Amino acid sequence: MIIVLRSAASEADLALIEEKIRDRGLSAHVSRGVERTIVGVVGDERHIDPEAFEGLDCVEKVLRILSPYKLVSRDFKKDDTVIDVLGQRVGGGSVALFAGPCSVEGKEMMVEIGRRVKEAGAGFLRGGAYKPRTSPYAFQGMGEEGLECLAAAREATGLPVATELMDPRDIEVVARYADVIQIGARNMQNFRLLAEVGKLRKPVILKRGMSATIVEWLMSAEYIASQGNQEIILCERGIRTYETATRNTFDVSAIPVLRTLTHLPIIADPSHAAGKASLVEPLSAAAIAAGADGLMIEVHNQPEKALSDGPQSLRPAAFAAMTERLSRVAAAVGRRLGSS
Amino acid sequence: MIIVLRSAASEADLALIEEKIRDRGLSAHVSRGVERTIVGVVGDERHIDPEAFEGLDCVEKVLRILSPYKLVSRDFKKDDTVIDVLGQRVGGGSVALFAGPCSVEGKEMMVEIGRRVKEAGAGFLRGGAYKPRTSPYAFQGMGEEGLECLAAAREATGLPVATELMDPRDIEVVARYADVIQIGARNMQNFRLLAEVGKLRKPVILKRGMSATIVEWLMSAEYIASQGNQEIILCERGIRTYETATRNTFDVSAIPVLRTLTHLPIIADPSHAAGKASLVEPLSAAAIAAGADGLMIEVHNQPEKALSDGPQSLRPAAFAAMTERLSRVAAAVGRRLGSS
Amino acid sequence: MIIVLRSAASEADLALIEEKIRDRGLSAHVSRGVERTIVGVVGDERHIDPEAFEGLDCVEKVLRILSPYKLVSRDFKKDDTVIDVLGQRVGGGSVALFAGPCSVEGKEMMVEIGRRVKEAGAGFLRGGAYKPRTSPYAFQGMGEEGLECLAAAREATGLPVATELMDPRDIEVVARYADVIQIGARNMQNFRLLAEVGKLRKPVILKRGMSATIVEWLMSAEYIASQGNQEIILCERGIRTYETATRNTFDVSAIPVLRTLTHLPIIADPSHAAGKASLVEPLSAAAIAAGADGLMIEVHNQPEKALSDGPQSLRPAAFAAMTERLSRVAAAVGRRLGSS
Amino acid sequence: MIIVLRSAASEADLALIEEKIRDRGLSAHVSRGVERTIVGVVGDERHIDPEAFEGLDCVEKVLRILSPYKLVSRDFKKDDTVIDVLGQRVGGGSVALFAGPCSVEGKEMMVEIGRRVKEAGAGFLRGGAYKPRTSPYAFQGMGEEGLECLAAAREATGLPVATELMDPRDIEVVARYADVIQIGARNMQNFRLLAEVGKLRKPVILKRGMSATIVEWLMSAEYIASQGNQEIILCERGIRTYETATRNTFDVSAIPVLRTLTHLPIIADPSHAAGKASLVEPLSAAAIAAGADGLMIEVHNQPEKALSDGPQSLRPAAFAAMTERLSRVAAAVGRRLGSS
């Protein structure tokens, strides 16, 4: 960490800063330039909060040298993390396909969709039993009954199932049914929830928060990892910007940027990013071309009757046709679509 | 709700849309223009999700006529909501002052700060016992022990206390100690938590999410209100933008905009918006001038040793000097600083 | 256009609005709902500014039905526009390659880079003679001498050249040398400049403004088209968001979104979006996969000595290796890399 | 400037960096830490572009120590710049009032509005003769005839007039009539235009670009100052964010932030920020409370018939009533409304 003092800073200010650094068990290296005095903090800066200095009147700015996360960083672990779920893999050169409806709406529907997406190459069945909805008047999910539908679909198809956890009080029941637990964008900084899934030994999909920076996202992954659970899948799902032509702005650059910063697998959710079925294929192709380890695609057998996210859901036949085309894009960048 | 069809939409498309509208118990009013066919939805559009139409290929766009919230809207209740907590009021012409440290760090410190901010005119003591921190390695708050410190400070000063709730599992213990419960920015769309505080009969401060629109913020308030709790205080605390000169961009316009949309009181937290103590006074003055019903200010007796948010905390003496100056701004816009 | 009145609007308010609509030669269609009165504007709403109503106290909101642009819209012209420049085509199924240095720095260097990028499949040579630089102390471009270098490189290689125009006073000299004129992001709303290039009969690359919506971008294209020049190439180059991991956020969704809204060709500039050479390939691949009609890539023979944009420039050999890989991605989505 | 190398950087990488620094006439100070090697650049970093290093593979990041602007910085000149125009002052403790219509629409109208705003305390008359409009089909301003109307209003009222310059080709004619030249938000990075007004000896209002950072804004001011014109007035007019409840998000924090960074006077334009007349007063009050040196307010005698920006224009009577109330806010923060 580098602390830049204001030109008006006094010797007493400098002494105070040095003391604060020493109090934290680190040492200070002072460099007096013509225009500014700079203090370098020597030691593991992860144990020191820039805030401790930023607020001081004598400080102009504080610059981090190291990233604030550790366990999830590429520096900590050079090799890509590959996650195996009932024989389906995420990471390691293939493009995993998570497909299914936004909300679980019934057992038959889940079994039906599960079969169809499996035929089309999907390795995981997704579906929400607990739904975070902007409106209190909207459908909030089937709850445990929905989890049972997911389990039935797994039994019928052999596909591992992924579903969202919204509340720490549901963790036992969700973990009992789910093979992969999803933390949604709105809960990316629900730190209590992150700590809880960190204690599980189950893969976690961590979606990027609506306006989370890549660093904040990795810090949230670090919350999970620091509790012992290293099986974390990062999922880009679009960020909030001023542009309203799409529901969110799909940040495709996040994929190659994360690749250098972290060893965790990175998947993309073009359905939520775009909010429109017609955009799902071009964005899926873009994500694969940019190096994504997987896709999460909303598929519904009757999108026009879906209880949520109908506009962005594909029909099973459209999904199958799309995966065929996407497999060519995957091949073009040396990957294979599907995860088994 | 107005549904605009693409120029290429067919009669069959139109029929499907009309059926979907009728399925929801509403009726459709079709208007065929030269360039576009438009379908008006007649009836309470709050029961119909624009998503149900946005995804259809034949639909160009869906425009809402009414706001999606109801109980918290100015249309629903014309008069300003005024909230009374142990004789301190929020709303109704005064500017309530919530002051105290970011984190509760001990009993003596809370009593001391409580006394000092009360002398300076504060009507509420704030302090976090459960802290949402970006890093898993940072101080996470004192928990129940912190709540006890708050209670001790209330007993010593008579000031009602406000503190944050992060986890539905903590609701009983937090509600036992707190006079006002705060939902932080990162939990603004933690819908399960909102539903829980909606069942309480205690005032709730609902902070604006980091990238929440005003409409989403009001929808989160609607979650609380729809469970029966109408005592909601909205707190603007800055939004995320591309500008990095301040931690967040304090959206002062939100204050007058909300005034026309909702009957709920609106306060401002310039400390978190700015992230820098030197900006607290100008932003506080701006908030009051724009019509805020209150301020939430971080005050710490030793900011340079604070366990969190030191950079933006004022010392008690600086807080007292500031409130004196702010009281003149309040008077200039026909309000009175302080809430009793 | 739909005008939604506030619930408190009076009959006199409504009469005023109807009068304003008639004054503009259009007619009003009033629909009185339970909660709101709505006025539909019948006629070509492009001649009426929503502002004329938005400011009225009795108006809650104004909703556009039609897009505000016309000549550049897909509704106006169904078929894709294909632009031919000295036998090189942009649009129509291929992926055109514009390559070259950010700034023209000399004749030999331009000839050398021109030869190298041509060998690697580029169809156009790019290079800036007039440079918009954030700092007045930075290199501002070689001016007309730079244009001469471009002309020399064209002569040596046969590649048409593309270069930026910043100032209406330079239009004659730039048009004399350039085959394609580029309007940079900072000038996307320099309406006088747009009007001037609209009078030329030369293709124009219109870069997206740093924070331009897709609609505003198309309106700027409409400025050019309305003067008679229909040969406009839209270039996505990243937008400004809160994320700082990349210089800009490359909005890959803009490509398929524009495809439905306009008939103009759409290219992408991943170099400026990312600001980092290592991101150029994944973003280029993503752009092609999402349907781009071309790429603009910064190539420099000595990036470490470049006078501008060195960090994001590729060496000729790296560019050649990349185009080979990108040609596979293009093939996977049914396109061909290169434009002749 | 501090250059942080990647952990994998070699000695050869380091040597290259040192050479690049020396090539620019500066010297390097290398510090080898446990996790990273850091290179400090000693000398005036304004002559070195971070880009020269950011793109190198061995570089993790480049951190600036000094601001990239100089002449406009508070470090360069401690005392506030006060600008005098025909006896009206901007800066130095008062709150200057620029008032008038968005567009000049005729001579009588300008004289009439000029008289009314002068009576209400305005010190400057504003009005646009050249108008940057998003649509090519909208009213583009009266041009030189509009400038003549402004001159007539100045003669009738004695008020200095401020008007926008959009095109370097108009500089002579605009400078002949205007007392203060305005550079609009869309031209904040029209560097050729900035250089031209830098050669004048007339005060310039430099509006903040739609998505300009404070640093970029000051760099644009530096462009003007570096040509010799130090009479620059910065005008905050709202920035582009994801929030759509207001046309732009008025960044009130920019006022106190700029106060510490620059000696230039800072005014605010709440009319453009808000886009709605009803928000002009609360935002004006907020700007004054936050320390603004002036306001620019749109006033029109018939807002409902205005050719542009009617929605946000106040009538003269409303403007007069507002200034009376705002003068109390100004007094509360130790300032005086009006600039003579």
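Order as written gives the chain letters A, B, C and D; numbering starts at 1 within each chain.
Criterion: contacts are C-beta pairs under 8 Å (C-beta built on N, C-alpha and C of every residue); 3 or more make two chains touch, one makes a residue touch a chain.
Because the structure is predicted, anything quoted here is derived from the model rather than measured.
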Using mean Cα positions as chain centres, tell me which chain lies farthest from chain A.
D
Copies chain A and chain B touch via same or different residues, half shared test:
same
Distance from chain B to chain A - Cα centre to Cα centre, in angstrom
26
Quick one: chain A and chain C, Cα centre-to-centre, how many Å?
31
From the C-alpha centre of chain B to that of chain C, how far is it in Å?
39
For chain B, jot down the residues that touch at least 2 other chains.
211, 240-242, 244, 278
Which residues, counting only chain C, touch chain B once they are in their complex?
2, 4, 7, 29, 31, 33, 35-36, 38, 40, 42, 63, 65-66, 75, 211, 240-242, 244
Of chain A, residues touching chain B in the complex
16, 20, 46-47, 49, 51-57, 68, 132-138, 140, 166-169, 186-187, 189-192, 195, 210-211, 216, 219, 222-223, 226-227, 240, 275-278, 303-304, 308-313
Show which residues of chain B lie in contact with chain D when the two form their complex.
211, 213-215, 239, 241-246, 249-257, 260, 273-274, 278-279, 282-283, 285-291, 325, 328-329, 331-333
